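Per-chain numbering from 1; labels A, B and C assigned in written order.
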């Protein structure tokens, strides 16, 4: 008994020693290794001999993002002696939690890379982006992209990349089922029916109505029914008849058994995996799908005969409406943390460095996205011919109304409407309720 | 050891045999069900992505052991693991250092506000850390403990106080105070009598408490997620999420890394379990 | 603060050692002594739990912008907004179902498992180690694993059953939100059982074997011994385990978040996942804080009932 206790006590002591030793490594105070912990040090910008610290929080787009930023920071800091840049790449699952917690505690990053920005503008947290970007860099962006970040005549953010959506289809399945590539909703429904008759274990059509990205499904169907979230003057028109019709059509596909079994829980990523495994015939997805599928096959050493043969086409529309591709754009924004002039200069240098054409196209290609600058577009199109049609598409696609302050509520609202409808709710009533709640 | 099921020592061998069989049957079932998710995880960890999503196989066609090696280069797994050990070990020590005296006072002394204190301990647990994230972050910021392992150690220790105090109080109260009183008469101080007489007898309860805190701290996720921003300070739970990215869940890596996260806890438990049994055999029962 | 807290117990012990020798102040010391013993614990909880709780109460009564800035008090508007929301009653019902189902079933099964594992048999050590597995696994991982297992398209459960020949085509295990919720509850039970089992086991181990011997001599049967000796003696560890379990399960977050995020349309949400979505997806931190205060009040009522019942008795024993 005594022996056991002695062992236990010894263990506790060893552990406590280990903990003390380890804590020092994690502590912010010892100067010896504070290089690691620069992120938590109080902003010491204006000091004369001090380095200017810039804190960046960036979204983690995929498996390569973290490494890309790590290399970027090394390159940047070694060529800018007076600046101490730290970049924290946070996964999309967690980024809102992390950013909101920091903002609520007056610990906002200097630069943030995320999708939303209107909320921060509403709270006067941001600096107009033109004050923080050099003129040469600012001139590089497509005007249409900058307009997406316009609130009351001020541009608050610059795009870091974009992606566009199209319909992907499995050529093998469509051929075997004797189906032409559908271009209208009627053709799509007929195609689903034939595919299902051909092999009931294959899902003809993929739909994602999850909390993750259900708003995308909403956009695909209403935009391709000639409708929109708002009217021309920017008033919300969520319960427009064309919207009701569009969502009823989408829900109808689910109810008829033409889609994946659980649209409320199966995210786009789950659909992409089903598509890559040949279990899903058609889905709407981003331009990054080919990179994604090729990566998987390469990692798995999948023999060529087991790989799926697929292509992409315009998203089917209702009748003669023009097909609309959905664009998604993410942004950089600068928080107003009372920056000194040196700091603003440092931030400008950060953006100049990031948007250098070579580095920028490398950033975009890293995870298979689309560029938001014209020079970047040319380089990307030249580097990868398969991207060329996408660079065309992204110039003309529609974007979510993210500049409107109610967008966050609308986004959650339409997802809720979709999920309620999946459970048997009346689409018209649900959308009317939402409209009343948003506009009222 | 008390053995209610076979305390009867008479040779009722057939009945005993059937009971034995039944016992093994139940234990085997429980083990199989418990292990099934881990079996599935292991098999998945050894497959490639395409095979995973094609379904149809239980065992991997060709075990891809490289997945287990890949994760070490894709994320600083060793660092994550060390951080988890420090956080869980540190939390356990602090929780015990604060909890043992409190439980002792509750079990052996009478003072005003005793019930209130016990109530306070329980009430303090009624908010999940998830709920308190914003407040916790603010406290940590004031103390300069954001992005710091020490901060997580304190949080985990604090959120485990209720269990520590309640369980140890119960354990201490279950042990007769006579021996300690005798020791005090022999000239021991309270601290000495607690250390020399009570704690050795209470070892099983203490060990259970230790395991509990360690496991809880090892598994904590949400607070660590919000407080730690530097990759090299992350514990395993948060670090593993690297494989749960924007574009895809890398099931094979996620599960391979998870298996590494489970192993230390199981080993730890097996060590303590051995001590627990021997400790009981030598002293616990007699006490 | 960071350096003070860990050394506080040491100070307390130092004090405890020294002071008794000062015979003059002995009486005063007797009065103060217990508070010195509980001080470290109180300091630890005051800083790291009570302060954040105060903050949550403040937020629940304040207007908080989407980006998280506090803009003054707003007259319990957060509470009325929450209570008015049609989702809230559904979420509340889910929370109650979730808590009761997980706690009751895991307590019963865990208790039974503890009785089984308290027997001496070959391989007991291995069995005990295996039982601790679900507890030793991070909930996020455990939930991911279950989500993977029950997936209709590539889940291992369907594959396994098809290989055995029990089913011929993949079964959709989660056709309705209710079915999904049931799986989440099953997962909750799965991870909670080890906790109960080990609490009960630690209680069983401190029971003196002589009680059973005496009872056997008196001719008591297995169940008689179970109800008249075992149950009363493990009652204290079992009640503590149950109360803590109610709190932990009520506040449990990772399982539901990983498996369904409360979808579809709040049908699998509990208060905790609901308020997390409110705070970090919908940007309504004020309302989220209000939900957590409501959850706190519910737990407080339950625990008070328990404490009035048990602690009164405990005080009599002292």
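Rule of thumb we're sticking to: a residue touches a chain if its C-beta (ideal position, glycine included) is under 8 Å from a C-beta of that chain, and two chains touch if they have at least 3 such contacts.
Given the structure is predicted, the values throughout are model-derived calculations rather than measurements.
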Legend entry - Longest centre-to-centre distance from subunit C, chain (CA-based): A
Legend entry - Pair with more cross-chain C-beta pairs in contact, given A-C and A-B: A-B
Legend entry - Averaged-CA centre spacing for the pair subunit C and subunit B, given as whole angstrom: 13
Inset, instruction - Determine the centre-to-centre distance between subunit A and subunit B, using the mean Cα coordinates as centres, and give it in whole Å. - result: 37
Legend entry - Residue list for subunit C, restricted to those that touch at least two other chains: 68, 153-154, 170, 279, 285
Legend entry - Residues of subunit A touching at least two other chains: 97, 101, 104-105, 273-274, 277, 279
Inset, instruction - Name the residues of subunit B that each touch 2 or more other chains. - result: 53-55, 93, 134, 138, 144, 150, 241, 244, 249, 284
Legend entry - subunit B-touching residues of subunit C, taken from the complex the two chains share: 1-2, 5-6, 8-10, 12-13, 16-17, 20, 31, 33-35, 37-38, 40-45, 47-56, 59, 68, 113, 115-121, 123, 125, 127-142, 144-146, 148-149, 153-156, 158-160, 163, 170, 190, 195, 198-199, 201-202, 204-209, 211-213, 216, 222, 225-226, 229-230, 236-237, 240, 243-244, 247, 251-254, 272, 275-276, 279, 285, 289, 292, 295-296, 299-300, 303, 307, 311, 315, 317-318
Legend entry - Residues of subunit C touching subunit A in the complex: 64-70, 152-154, 169-170, 172, 174-175, 177, 180, 260-267, 277, 279-283, 285
Legend entry - Contacting residues of subunit A [partner subunit B, same complex]: 1-2, 4-5, 7-8, 12, 15-16, 18-19, 22-23, 25-29, 36-37, 39-40, 59-63, 66, 88, 90-94, 97-98, 101-102, 104-105, 107, 269, 272-274, 276-279, 288, 292, 296-297, 299-302, 306, 367
Legend entry - subunit C-touching residues of subunit A, taken from the complex the two chains share: 96-97, 100-101, 103-105, 119-120, 122-123, 125, 201, 209-212, 260-262, 264-265, 273-274, 277, 279, 408-409, 412, 416, 419-420, 422-423, 425
Inset, instruction - Within their complex, state which residues of subunit B touch subunit C. - result: 1-8, 20, 23-24, 26-27, 30-31, 34-38, 40-41, 43-44, 52-58, 93-94, 97-102, 104-106, 109-111, 114-115, 117-128, 130-132, 134-136, 138-139, 143-145, 150, 154-155, 157-159, 161-163, 165-167, 170-171, 173-174, 189-191, 204-205, 208, 211-212, 215, 218-219, 221-222, 236-237, 240-241, 244, 249, 251, 254-255, 258, 261-262, 265-266, 269-270, 273-274, 277, 280, 284-285
